[in-house]
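Chain naming follows the written order as A, B, C and D, and within any one chain the residues start at number 1.
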Amino acid sequence: MGAREERIHPHNRHGQLRRRYQVIRSATVELVQDLSAEDCALQSMPDASPVKWHLAHTSWFFETFVLEGGLRGYRCFDPHYRTLFNSYYVQVGPRHTRAERGLLSRPGLREVLAYRAHVDEAIARWMDGQPSAQALDLFELGLHHEQQHQELILTDLKHLFSRNPLRPAYRAAPARMKRDAPALEWSRHAGGLCEIGHAGEDVCFDNEQPRHAVFIAPFRCASRPVTNGEYLAFMRDGGYQRPELWLSDGWDARCHNAWEAPLYWEHGEDGWRRFTLHGMDEVDPSAPVCHISYYEADAFARWADARLPTEAEWEIIARAVPVAGNLAESRLFDPIAAASSAGVPLQCFGDIWEWTASAYLPYPGYRPAAGAVGEYNGKFMVNQFVLRGGSCATPASHLRATYRNFFPPQARWQFSGMRLARDD
Amino acid sequence: MGAREERIHPHNRHGQLRRRYQVIRSATVELVQDLSAEDCALQSMPDASPVKWHLAHTSWFFETFVLEGGLRGYRCFDPHYRTLFNSYYVQVGPRHTRAERGLLSRPGLREVLAYRAHVDEAIARWMDGQPSAQALDLFELGLHHEQQHQELILTDLKHLFSRNPLRPAYRAAPARMKRDAPALEWSRHAGGLCEIGHAGEDVCFDNEQPRHAVFIAPFRCASRPVTNGEYLAFMRDGGYQRPELWLSDGWDARCHNAWEAPLYWEHGEDGWRRFTLHGMDEVDPSAPVCHISYYEADAFARWADARLPTEAEWEIIARAVPVAGNLAESRLFDPIAAASSAGVPLQCFGDIWEWTASAYLPYPGYRPAAGAVGEYNGKFMVNQFVLRGGSCATPASHLRATYRNFFPPQARWQFSGMRLARDD
Amino acid sequence: MGAREERIHPHNRHGQLRRRYQVIRSATVELVQDLSAEDCALQSMPDASPVKWHLAHTSWFFETFVLEGGLRGYRCFDPHYRTLFNSYYVQVGPRHTRAERGLLSRPGLREVLAYRAHVDEAIARWMDGQPSAQALDLFELGLHHEQQHQELILTDLKHLFSRNPLRPAYRAAPARMKRDAPALEWSRHAGGLCEIGHAGEDVCFDNEQPRHAVFIAPFRCASRPVTNGEYLAFMRDGGYQRPELWLSDGWDARCHNAWEAPLYWEHGEDGWRRFTLHGMDEVDPSAPVCHISYYEADAFARWADARLPTEAEWEIIARAVPVAGNLAESRLFDPIAAASSAGVPLQCFGDIWEWTASAYLPYPGYRPAAGAVGEYNGKFMVNQFVLRGGSCATPASHLRATYRNFFPPQARWQFSGMRLARDD
Amino acid sequence: MGAREERIHPHNRHGQLRRRYQVIRSATVELVQDLSAEDCALQSMPDASPVKWHLAHTSWFFETFVLEGGLRGYRCFDPHYRTLFNSYYVQVGPRHTRAERGLLSRPGLREVLAYRAHVDEAIARWMDGQPSAQALDLFELGLHHEQQHQELILTDLKHLFSRNPLRPAYRAAPARMKRDAPALEWSRHAGGLCEIGHAGEDVCFDNEQPRHAVFIAPFRCASRPVTNGEYLAFMRDGGYQRPELWLSDGWDARCHNAWEAPLYWEHGEDGWRRFTLHGMDEVDPSAPVCHISYYEADAFARWADARLPTEAEWEIIARAVPVAGNLAESRLFDPIAAASSAGVPLQCFGDIWEWTASAYLPYPGYRPAAGAVGEYNGKFMVNQFVLRGGSCATPASHLRATYRNFFPPQARWQFSGMRLARDD
């Protein structure tokens, strides 16, 4: 979270954050209320974590960065948790091995929820003590951190359920209106010397800063993401069988993993179907394609005689658009077709994260935050690509146009799709 | 289960088996009654299975081999279970991948217990129908199968808990008398042309048959298993640093896995301690060493200027001894020092399984049982060694002197130890 | 090499060994005379070694076990070679990593041949010194060791050439008479209490000793090995698609390695063809099937309602047969159909090594040879199976009926086939 | 190779290229003239290729892209070579597996040299036919391609020799003057809107185009690369033990590979020494540090409170400097200390390739060359970082300020080092 000038009246900020804490912490617990203790305990792959671990780690974040050292006389819930629920902060101390988070039947879900309550109660006392603006910065970072893990709870659970032959549903299928995708349009942008990155007083992560100038050549940008229907055309045209469409590493990944379609797609007698958080469902040709890797997005774009936008291109387009759409609040947790809206770029926020052509690297002049939270973003700036926007599993208040999400090019279990761009 | 002449009055056998079914099935559930749903859902390595899986698979065995085809109008509990809980019977159909048994949060523990009740109720009805002697053979095999999984529930849970930094205890530590191990004595056996293997009407597995002649040279056999104290002397003498004591594959395994002591031993400020089902505990120098691989047993024996007994040697000694000792019924679930008893080979049954020098191979004239249960034993007759006796986690009624247990030479998570032999 | 009473007049033995040394050492060099330096330098897999390494290692054996300590004033050729060309003798000192034998362009073939000459010259001087009978025992072991590596030179080179898309030929295809395989006959053997293993004064390896009694049940044995034609019938009958025919580990190996036929078989427009040391050739239905693993031999036997013989069964049959057949001296280096010969077991020696049903384990009372050569055989007595007989690449003088060859059950690059047996 | 306006008189260009072909092709053969056939045949890791393969592949390039289709009646040397020596051009057809280039003893070095002569002779005839400018473009690309492989011959051979315990020398150690490294100075650059990338008529690779505008913030740049002495200070300060200095993936690589120093450094009784192409040598504290990964360069920079320059920053500095220095022509094949030269950035070319902070991605408006040579650069634009400059193994005529070399961040076997930069 970047340095910020404080202009809100401190007292107001204090009260706002207190309320947001309650809302966000409750939302997390609400996400898991229909899950069994077993659903919350399992880990389906090293990239994903058990739901229970997310519940504990988000509390650990407040305990470690806010309460310890911040609340006089704070008694930690269990000293073992300092190691068990540390994700990757080497400056905090040792960490339980990531790939073994699914070997912990103890503490059980009940104890983890008690841990949450213990932290919530202590945070209330800490709030009473009128913490400094700097302390509130870390606290606010903790809220954004918790929202990130809300999304991960959903994506990790989806992956776990997909590995179960019973294909369980997280929730009942929503009733939803079917509609055709709007026609694809290309808008032209003049580019030039632009500024991107975060400025001003609002909260952001350190990796969105500093705001800086970039030169952008004229380009064109698609009015909406690529749809399942368009992706099926790529598949029918041999997209997964033509190495000349792929990056070399991408083709290796496709062969090694035997990819033939997006993650969660299954081919049966009735053609392709998808596993979703409401169980198996059809492939809606109008909805944005989802659960594809950077490699697949890149290959599709080459097939379509286009390319992915850079993150700078994406940002100058999306910052004109309000942060709204099919986000976590809609509780669909699945991408849907866009409603038509002439002349406005559609679905910049919501439905899917959009792979960009930009490697995840520091902005010029980037400085990681001081202390252990400086490990939050900076040390991952290699071998990853930036995704922009936000998905059907992202809370609205978590997003902004400058937000930089990032994953390795082979990752597919996030709600990741793409939008096309072209040189002008 | 081998062919058998039927001499018990059929009605008596029927009644006995009905009672044994109730006792054994209850014992399984009793083993898990203090565990959480999460404890029962996790898998710590491909060799081990979740407790919940054991609970379901043992019911699957009765459903598949007894009820389906045996009980008119039987309605299977859930058709998915046929695949989910099939262990390795290719003739029954497809199987859920072994290494992914820990990815199943559904069905939950509660449903698995309902599955057990469903099968128990149907078995009661099947029993009412006066099944044939041949059908009862399969039923009785199911009881022995269930007892094997009772032991695996304990060994697999122990492994899971050992991977948790909290080192949870399955049960409170028992109060137990400390005593010194009896002095090691060597008894001489003349050998000659002997018969081993199972004969007569009692139940046995197919791999114990046929009874057959073997020629045994004169040999000497240790009066009790190797103790922790003796094993510590081997360790102090550089046993884990001297490749000349080890088989070539054994030394590779020792280096690859960085073995420095038996499994579950941890070295701290106070020297070596052991993880047990009652938590961390001291290393009792008088108790049999446990959780060692065949490779370690073989290296120790070479260091001690001795060797492991063959399974034929072991059998002709142990068949003079009653099946009694520190078995599952003692509920210690941990090996203890033997009580001295002059002139009798000690601890042949109970405390630990004893590695023998015999590869697990078919006896001359071996025929696997007919049908899918013929896969029970025969297809594993390669790359494994025979262990004899029975451990602190084996039910007494499951054992006999001809019983052949088997594991790969690198396996350590069973209660496995050794007894020494020498050429005369 | 086992203990032996010395009855040959020592002087005669000395002279005989001197001559055999010259013959055997020359034979090794002759095997490689048509190879390029590059052919001799490459390693195709960790199990195989470069030809150059074999040339050096066999000299190393004489240098290490005979000349060092045996020849006063012996100057070693290059002190680095002590490590570079030590195969697995930990008591001799460190060893260059086996899997990296193919990373050594230096010393070149020329230097390795100079090393051989250096050792040969020193051996001649050592011989002049009238070494003791005990020293001659080690020397004779070196000769047998060299013969083993002659066979490995051929099998390792065959594997290397098979990985080259050019499919190069080691030598021109021999002109050979085609003939039908003799009809398969089953001879009955009464078994009983028999002695197997080596006795008497002739040379043998330590693992063939001591001679000891075994009890053998009556059995029947096939008059010749399984042919390609018979194996093709197994393949056509779905042998590679039916898991119920295979050991569990065998099926895993078959799936993991995608085995569909013996090693070196290739399926093309004209059906199956084989890569041989004289290039690609047809599959002769009358010749013994070759380059199969233990797993395949075992599955074939099960399919044929038979089994593999134990090594004891094999030995009591084969010891009545002279050591003769299609051996290395015929210079075919490829199995051929047997000539019919009524009533005699055919092809016990030559053509192929025969997998037995016996795990490679110590005989009762086995003692490894003293010193570092005790590592020759004993430390490999786990996870391997015994093969008996001798192949088209084995020198005749290397073999005898008690000879125990051994390889892991998945090994296929040796000239390995099988003969069937049945319970009587 | 990018599109280019043709201004040189075609006939002059033709003659120049003919002479350059002779010079460059001869230089390649000269590099290997002291190597044995075995030195040229071995492959030490999948990333490296046998010298012989480089000799053949560079000829294959001319055969495939120039002679086939370009020279009427051209008879290919051997049709198998089309597959054997295709590196990665999927549009040309199948390729021999990269990791198995070291399994080819045939064709031998002699045949590969004959292949070169065959191609050289055909190229002479092709030249006589007055090829078009477009055909000459591909021909010229082949010359640059050959120069790249000259460097790879040296780096791959160095790696191979480093794996040989004899540590062979490629050539005798050069006599060289020792001198202290010039003091490190920081020059300030105003940045602003700059153009980078290649423009004009000279040859370049497609990835250097198009020339385009970038905005660069003011920055400072080091006057010379980081030296061994400076790197040793980082090592002494615990650089390899402090995860907070490293990227997360970098720390994983450091732990997984147990890096404690640059590649080829060995610690002995006399401290650190280096393996070089002239054998083991001392670590010259004044010479640029070499054989480090991007991860190590990045960690060092963080430790030094600096960063790596972006490729744009590097280019605007280096384009003022002549392409001269310790390049392949000096035949040292090892980095040396810079000669002091006030006010000029030192060693931009020669000694070492310099890691930049820029991921290897397409320039805005990038178009790969048409046809199969379009696979030359474009399909590798993921998971790699740009290196700039040129090393002691790069021919001078191969380089220019816009040249973009690229390797994965973990690669260390190239002559890779770094120069520091800082935000102003």
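As a working rule, contacts are C-beta pairs under 8 Å (C-beta built on N, C-alpha and C of every residue); 3 or more make two chains touch, one makes a residue touch a chain.
The structure presented is a predicted model; accordingly, all values stated were derived computationally and were not measured.
> Name the chain whose C-alpha centroid is farthest from the C-alpha centroid of chain A.
Greatest centre separation from chain A goes to chain C.
> So how far apart, in whole Å, are chain A and chain D when each is placed at the average of its C-alpha atoms?
Comparing mean C-alpha positions, chain D is 38 Å from chain A.
> Rounded to a whole Å, what is the gap between the Cα centroids of chain A and chain C?
Once rounded, the distance between the two centres reads 60 Å.
> Thinking of each chain as a vertex joined to the chains it touches, would you call that graph a line, ring, star, complete, or other?
Topology of touching chains reads as a ring, each chain with two neighbours.
> Inside the complex, what are the residues of chain D that reach chain C?
36-42, 44, 52, 80, 83-84, 96, 100, 102-109, 160-161, 163-166, 168
> Which stretch or stretches of chain D touch chain A in the complex?
88, 90-91, 193, 212-217, 243-244, 246-250, 294-295, 298, 310, 357-359, 361-362, 364-365, 375, 379-383, 409, 423
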